[in-house]
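Listed after this line are the structures, all set down as structure tokens.
Below are two complexes that have chain A in common, paired first with chain B and then with chain C.
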Partner chain A sequence: MRRYLVRRLLHALVVLFLLSIIVFVIARLSGSPADVMLPIDAKPAERAAVTHRFGLDRPWPIQYWKFVRHAVHGDFGTSTRFQAPALRLVIDRAPASIELALAAVFLALLIGIPLGVVAALKRGTAVDHAATAVTAVAQATPTFWLGIVLILWFGVSLHVLPLSGKNGISSFILPAVTLCVVPLVGIARLTRSSVISVLPQDYVRAARAKGLHERSVVWRYVLRNALLPIVTITGITLGQLLSGAVIVEQIFAWPGIGRLAIDAIQARDYPVVQTVTIVSASLFIVINIVVDLVYMRLDPRIRQRMLART
Partner chain B sequence: MHRLDSQWFFWAAVASGLSLLVISATPAAGAPAAPATPSVAAAPPAGTAVVAQPSDATGMDPALSRDVPTRNILRHLYDPLFQRLGSRQVKDANGPDNFKPVLALRWKRVKPATWRFWLRPNVKFSDGGLFTADSVVYNMDRLLGKVAGTPAGLATLNSFSTLAGAKKISRYVVDISTTAPDPLILGRLANFPLVSDHVEASTLASSPDGTGPYRLQTWDRNNQVVLQAKPAYFLGKPKISTVVFRPIPDAGARNAALLAGDADLVTNVAPDSVPQLKSSKNATVKVVNSTREGVFCLDAINNPVLGKVQVRQAINYAVDVNTIIKQVLGGYAVRTATLVPSFFTGYDAAVKPYPYNPTRAKQLLAQAGYANGFTMRMMAPTNFGLDVPQAIAGYLGAVGIKVNIEPMDFPSFVRATQNGHKLDDSCYASLTNPLFDPGPELDTLVRSGSTALSWYANATMDSLLTAANRTVVSKVRNKILARIQNLMHDEATHLFLYNLKNIYGVSKRLNWNPRRDELIYMYDASLKK
Partner chain C sequence: MSVAGDTLRITLPRRRPTFAAAAGTFLVLVFAAAAVASPLLHHLAYDIDLIDRLKPPGTPGHLLGTDSLGRDVLARIATGVRISLVVSLAAVTIAMVTGVVVGTTSGFFGGWVDDVIMRITDAVLVIPIVLLAIAVLTVLGPSIVNLIGVIAFIQWTAYARTTRAETLALREQLYVTAAKSFGARPLLLLLRHILPHLAPSVIVLTTLNLSAAIILEASISFLGLGIPPPNPSLGSMLTDAEQYLGTASWLAVYPGLALLLLVLGVNLLGDALRQRLDPTLRSRGG
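Entry: the complex of A and B
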């Protein structure tokens, strides 16, 4: 197991290294922070001075080497827009994105799994058709529209929930509900098809033949074996949401890294763009490793296969 | 154990989710408690006003952060030497009578390029240090890059390209000089809040230190800035004890906050939202002519077709600007004959806008040798919107000028136009000018060789601009500015458009009036009882 984890971490370092080069180059191809910081009538000498101040007039390999040398010590540079350490800015905002992502995934699992199980158990009936219709409508609903509608209903008309910002548990509700819809649909559908594929299995029939209550059959035999693909999609979804749910953060003025990333891109704030990308990628990698570990826990056959490859 | 795995997984996830939500709702140990700002079904607490803007402050150092939302916040923490009087229409917007004393009590020109300021005594910064002539000298030295560790380019960033320096005369008297007589220096100083000279400048970005009527209570980045009134402010305690600035990027969400009573003042309201806000029972709308101009630049230097004055005049005749204002902007703009709003210094009412006359446009095109029209490109930065560029393209297409619109983000537009100073034939932009004087804007737009937004060359225009920039006698200067406007109109240097109006959503419990310079200054506001 230790060798497996070390191998995964080495892979992760290679991925992060390649990613850092890609984002470094792309950021610099998009323009200079001097274009955004200075008034449009700034003289060429002043633009050159600002470019020199940020070290952007040096050759790219030298700039990259300097970035790497500092990054390994935890210094990802200073934000050209906020005049603050880029890593500090990202770390300050990451919890808001993590909390929102976890809340959204939690809601998606809480509603999606039971919905999928019920639809699978009542396959072909009105309940199944209703569940399918609900997920189809949910999938077709644009996130930004849903967010605005929830704000108008619950924030303006009923005035029972906060409209924007992060200020207590109640402020999570509207953005988490808006954000959970897309993953909820995926989880519900995958649960349904996964449960349908497990239901005809011999061990399920054997459990029923033993006289076990249907709830026990579903929990202990059906769902446990149907969980593997759901674990995968949960991990992928969490990774995507952790990199910043930009639209939801914009609508609800949520102080997360999605908004930070958008503002940094528009301001050509290279240090923050690079830091957000690397931090988001790191979180994604960690989640993937956790998902694989959970896999191994749930299914010993997968554990044996993965460890055999190490 | 295996039989319990699925239940274990599910309930572990549920428990983790609940724990995390509880933990996240609990303030971190040692963190300052946020003040009681409204969260559910309640207006802001008594004595608190909430302002919703599109973005958060980028920093707390006024010399480094010049965007409007940051400027609105920092004006409450720092003071300038004096402040421009509200919206009063005056002939010389930067004359000495157009400002009210703040940190300076009176001012007088002592030499053509030097002003003397008598400062208010016994004013303290938040750190307890005294504001004196040394403080003014320090701030001017920062602009000129003379203070160690100061970033380059601060003078340009803060519109002080003519600044020569400051000299202490006595403890509360200081001279500020420019490189040549500058008719706008008072306006520039009115827009520049002063920082303390008793602390390290590098700390100001996160720990503001000024003489302003409020102090920073908390800055929860990208969530809210909370300002608390100073009871001992030298001009009197503010009427609103707590001001909260909340960044809400989405315009619909800002309006919703106002309608729900969670915000008292929202900015950047779109014209099509006005009916909804006006019909609400707890909010209204306030509109003011801003200093923002819609500008359509033409490359008369590199494009031989646009280099012909008949073609440029034809473009002006071809576009029905009044209909664009009515249909696209909802009526929230005022037609301008050139690029000078009616309330700017030197405005010449005798210069009339080009009338909409597509027949005349076609005649002029034929005279210029383009009876069948021609094709041109238009750069359209998306932050200024694409509705107006599309409307302009439609009108030009009707007279035979085919326009290919090139949407791009603003940094790409700056890069494209400043790198080699190239323009793809034309562009639409929106410029703001907090000095209420056309001089700086015209320098940007019609001076030859300008690296900004000028693709026009005329030696007579250059001479007039130089004379206007150096003349401090307002009667003489106004005559020069009138000549410039006439020349611009006759030469059709641009497609002349409009001056925009700013729309604000205001709670009915707030007594507040908008300013033309877009500054939101809650010291002048109060809450109804």
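Entry: the complex of A and C
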């Protein structure tokens, strides 16, 4: 068990190291913050002064080494735009993104699991086909368009919900609904196919043979086994939403790390860009490891297989 | 993904196309026809006519109305679909070729090259897609070629990982060992005995990637970093529409609806194809 964890963590470190190089190089290629901070007719000397102040006149390997050395101590540099520690900025904005992601995943589970279960139990009937059609349309719906259409209906026409910003529970509704569609499709489909694969199992037949109510067969025997794969997809989805809500945050003016990242990229604010990417990638990796551990706890067969691999 | 058709295949005779497959084919054909015909509507899609601006749908000569510069919305959607299809097909093709070459080489030869390549794909996979696209396009500037490059860069890893995993398994097959014992060279082994068996997975992955690429193009253009104006993109048409939500809602509704139907068509067609080709679905006996 410990060997498995150590191996996963080492693996994660290697990935983060490669990621930091990719991000570092992309950020450097995108021009200097001096281009954005100074007027277009700034003198070369002023330009050089700004470049020097941020240490951007040193060779890349030295800049990178400095970045890594500080990052290991939790110092991700100072935002060139806000003159504040980059990590501080990201941590301040992170709760808004995490809350929104959790709300969206909760909604997706709330709608997706029953939809999948019903479709599987009524397999081949009109109910199943309707559920399939709904998920097919949902899958094809572009997130940003859905956001705009919801704003159009609920905000502009009906004036019932706040259109933008984060201000109380009601401001969560539109962004969370917009964001939940993508995971909802995956969860509904996985639930359906998972329930279908569990239904013909011997233990389900045995439970029925014992004369148990259909309802308790479904709840106690089918669902408990069928929902195992949902744990994985929920975790992965959560990881993706934490960082992938860029467009939804943009549309609804949500004060999360997605918008922080867009603004930072446009201002050539390297420390913030690097921090956002590395923090969200780390969250993603950590969530994946946690999901695998939970999964191993829930299903001894998987524990055997995963441990055998190390 | 494709549970959609599972049930249909049980209830219907095997070779008869399902409703979903037929609907998908129909949608894709309609959009392909629109894309091919769109150059005929060039002047309607590009010529600015401020007298005719923001005309609602149903105005004579403008079935879906006009935008803030008096350009025909239907003509711009058709042109947008054309650009979107060109971008996504090009991006997916580049991603496919790169990914398959890297993946098969990595899986076939193994060793440290394999380790390095797989860790690179891991690193690319954990970067938030949209952030990566924004960062790279801010550097390079928005253009069609750059957009194709970015989408290809995001998608090649999926091909690399899939083909690597399959190559690893195929490499151990008896017929490969047999061919090797007859003195077949590595390149011949790869081309003749491994590559053909990868086709089903690669085709399946391509249908998934194609709709992902269409959505990605629209999303990036929506953020203003994709197709440069005055060219229409289904994404950037929505950006323009945001200013007129209260007064000209058709500008926001129709391009998005077109995008939805296009992606739906590609997905349904892809599902149908997957039913036939996907080895994991077939073995499940769905």
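Throughout what follows, the second predicted complex is superposed on the first by the 304 of 310 C-alpha atoms of A that agree within 3 Å, B and C clash if a C-alpha of one lies under 4 Å from a C-alpha of the other, contacts with A are read in each partner's own complex, and residues count from 1 in each chain.
As a working rule, a contact is a pair of C-beta atoms (placed from the backbone, for glycine too) under 8 Å apart; a residue touches a chain by one contact, two chains touch by 3 or more.
These numbers were taken from a predicted model, which means no experiment stands behind them.
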| item | value |
| --- | --- |
| Partner chain in contact with A:165 - chain B first, chain C second, else both or neither | first |
| More chain A residues in contact [chain B versus chain C] | B |
| Chain B versus chain C as contact partner of A:152, first or second or both or neither | both |
| Which superposed partner A:23 touches (first chain B, second chain C, both, neither) | second |
| Which superposed partner A:297 touches (first chain B, second chain C, both, neither) | first |
| Touching partner for A:86 - first (chain B), second (chain C), both, neither | neither |
| Chain B versus chain C as contact partner of A:266, first or second or both or neither | both |
| Touching partner for A:101 - first (chain B), second (chain C), both, neither | neither |
| Touching partner for A:44 - first (chain B), second (chain C), both, neither | first |
| Touched partner set for A:110, first chain B, second chain C, both or neither | first |
| Overlap of chain C and chain B interfaces on chain A (superposed complexes) | 30-31, 148, 151-152, 156, 250, 266 |
| For the chain A and chain C complex, residues of the former touching the latter | 11, 14-15, 18-19, 22-23, 26-27, 29-31, 123-124, 128-129, 132, 135-137, 139-146, 148-149, 151-152, 156, 189, 192-193, 196-197, 240, 243-244, 246-247, 250, 258, 261-262, 265-266, 273, 276-277, 280-281, 284-285 |
| Footprint of chain A on chain C - complex, ascending | 1, 3-4, 6-7, 10-11, 20, 119-120, 122-124, 126-132, 134-136, 138-139, 211, 215, 218-219, 222-223, 235, 238, 241-242, 245-246, 249, 252-253, 255-256, 259-261, 263-264, 267-268, 284 |
| Of all residues in chain B, those that touch chain A in their complex | 2-7, 9-10, 13-14, 16-17, 20-22, 24-25, 34, 37, 39-41, 52, 55, 58-59, 61, 64, 151-153, 156-157, 159, 205-206, 220-224, 246-250, 252-253, 256-257, 259-262, 409-412, 414-415, 417-418, 440, 443-444, 450-453 |
| Contact set on chain A toward chain B in their complex | 30-32, 35-44, 46-47, 49-50, 52-53, 81-84, 89, 92-93, 95, 99, 102-103, 105-106, 109-110, 113, 148, 151-152, 155-156, 159-172, 219-220, 223-224, 227, 250-253, 255, 259-260, 263, 266-268, 294, 297-298 |
